[in-house]
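One chain, chain A, links the two complexes that follow: it is found with chain B in the first and with chain C in the second.
Presenting the complex of A and B:
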């Protein structure tokens, strides 16, 4: 199982608290995780990536194992620590005012 | 005893306020969708317990929520607003072509007789609708494909379709308004549209009486007089007696004819309300006084209604969708401010009381009159 941590607003929308787990087949990539996440939680569709272009929304970033993976290819394999569940895949909302 | 439910959209969530017909004591629930911008909520005239809400965020985009129990519980519905075909460019602030991009839903207008049908006004300007209670949204593309659309330019708030008026006497007739393209009307259910801006004059345009390009802030229509429209334009309060074919100014003795809201008494089609704002560069009430102006003659002659409203040091704005009326025997009038106050008048505007005073900035106020 892949561990995912969402920003608080998206956890609320998914009606979950804390860390989530989703099942993802090989290879484990950003796209595969987001596909699995949106399949299990349809209310998250469009909130992390645009529903038309499928691009990451500008104020959302992806981190894992202390690294910012936001600009990596969505189809690049993720670090082994993510695939084994040792580390979570982090969806981060930009710290911005308002 | 009948009562009212007030639906308030704010910068940081939605609030639902209920009262009996006296409109003195209020139960307030919220914030719903805390931390999100709620541009608009509106209930179905056909089923008052069915309410739709537009929830959005600069981080996480657009969510549409639906309630089947009068706003006690909510469920997210579909949020895919895809423009039909390959949308061509509109005109950007600097005059260059700019691709059409969906940003948010400004206004939700439920059908007059079907709770599952709702129209949605979007930024960048487009009209969408659902006929399955929000499970899917489909663009009514005839509007965005109008021949003038490549010349549409955004107002300061974006290229937003913010007003949708359904004609109760003719289901095929819909009025919409876009900042800053102007007003449009369809007579065939959305297949074709015509600009209805004749008589409008906008000093910021190279041609002040151009066919399009007017910054219409809001429009209102009384259901008993569907051919009569009132408009608060960027500057000027306007009236049309021929379904928008021509307009004439009715600003009369207003202290400023700039403003955002305009609404109509529930039982008197010629009694209208506006809130004058000092200017387009300041967006504050003239002289620090928050005044609702009422005309009982369909415009031109206006009287300030100030009892209960702050008359010094008040510098809030009242945004375009932030005024509404109920249809109780003594018509109630409601409005919300960017300072977080929601005011009610249970006597058609003669006196005002705050329902709440410290909400986030209010974007929209809608009222349901309950049996």
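Presenting the complex of A and C:
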């Protein structure tokens, strides 16, 4: 299982609290994780990726193992720590509250 | 930042004595603090602890820019204001508290909305910009104005139990646009007024901003420049993520296209929309809805707020929280004239967009939400 952490407003949309887990087949990539997330939580469609181009929204970023993977290919294999569930795949979103 | 040849009175020496005995601050560092000029954008949740701690630490000149007045709903977190301040300009209330805390601080107040017309002028007299704004437009404006002025920009933002903090400095590392090149479209990310905010969270993040500001003034320690600190107050977890300068950043990249301040309202209102059609959300005002109901028009009212909000107030009709809407959409009849509402009209606009996208054409959004209804139609209704 792949561990995923969403920003609070997307967790609310998914009706989940805290960390999520999704099943993803090999190879584990950004695209595979996001496809699995959107399949399980249809309300997330369009919030992380554009529904037409499937490109990452500019106000969302992806991190794994402390590294920013946002500019890497969505089909690049993710670090082993993500595939083994040792580390979560982080979706970070812009917030503006102050 | 050069320290001026500031002489401290005996009273100041005693006041700052716990700093003066630390080699990392000492007299030289305290002089730097006294010579420092720091601008706080906003005297709200973040700005309150920032201003209070910087004043206590002995920052010589503190600027505060805020156009707002103190509201009762601010007091759960904006600790620089008190009950007696409700209705007063925030800058006036904040300046009073700062002077009471430390009369050696020079306070400069700007009772104005930070805008493209005044930002560069206001920033000119300050060394460091600390952002405690509560909206994307002001954050992009502050980032751009700080970068164009060549000044570090100490950033934090909060929502519900989560916070983000970093230091941006376009001359030496990433800027806000390197992290988020464009803001979310209106309605995509709820504000604290919509989604709530744990009262102590801006305190936590504001103290981090104050800490980073003091370190920048002292020239000591490792700043958060190039590192994004994520705070999860519910799990009490802190994560650190590496940030990189974006070579394609339109503001500080290799070939910048932004050379001056822009219209940030337009930037935050237009960018990010998927298609023009999606942006069109049919609306009804509270007054018009009341009229239609009084005339006996058959309407279905759909509340898409959370259960805790419905406990406070609501209108007769259906209740499906936004997050459940996709699964429970079959409970709605596409033939019904439906008016969707939430607290202020932001989440319900998203619900209307979703419903129209799956074929429900007779849905409208209650502009201003239940809060607008309470303010303009039924003042007896409790507000949240």
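FYI, the second predicted complex is superposed on the first by the 94 of 98 C-alpha atoms of A that agree within 3 Å, B and C clash if a C-alpha of one lies under 4 Å from a C-alpha of the other, contacts with A are read in each partner's own complex, and residues count from 1 in each chain.
Throughout what follows, a residue touches a chain if its C-beta (ideal position, glycine included) is under 8 Å from a C-beta of that chain, and two chains touch if they have at least 3 such contacts.
These numbers come from a predicted model, not from an experiment.
Partners chain B and chain C, brought together by superposition on chain A, clash.
In the superposed model, A:9 makes contact with both chain B and chain C. Among chain B and chain C, the chain that touches a larger number of residues in chain A is C.
By the document's definition of touching, of the two partners only chain C reaches A:90; chain B does not.
Look at A:66: by the touch rule set out above, it reaches chain C but stays clear of chain B.
Contacts of A:48 after superposition: chain B is touched, whereas chain C is not reached. Contact with chain C, but none with chain B, is seen for A:18 once the two complexes are overlaid on the shared chain.
In the superposition on chain A, contact of A:57 is made with both chain B and chain C. Chain C is struck by only one stretch of chain B after the chain A overlay, and of the options 9-17, 171-179, 207-215 or 297-305 that stretch is 9-17. Annotation: chain A residues 7, 9, 13, 43, 46-47, 50-52, 57, 59, 93-94, 96, 98 touch chain B in one complex and chain C in the other. Contacts from chain A toward chain C in the complex involve residues 7-9, 12-15, 18, 42-43, 46-47, 50-52, 57-59, 61, 63, 66-68, 90, 92-98. The residues of chain A lying in touch with chain B in their complex are 7, 9-10, 13, 43, 45-48, 50-52, 57, 59-60, 93-94, 96, 98. Across the complex, chain A is touched by residues 42, 44-47, 131-136, 139, 156-162, 164, 179-184, 188-192, 195, 197, 202, 228, 230, 234-235, 239-244, 272, 274-275, 306, 321-327, 354 of chain C. For chain B in complex with chain A, the residues that touch the partner chain are 11, 35-36, 57-63, 76, 79-80, 82, 102.
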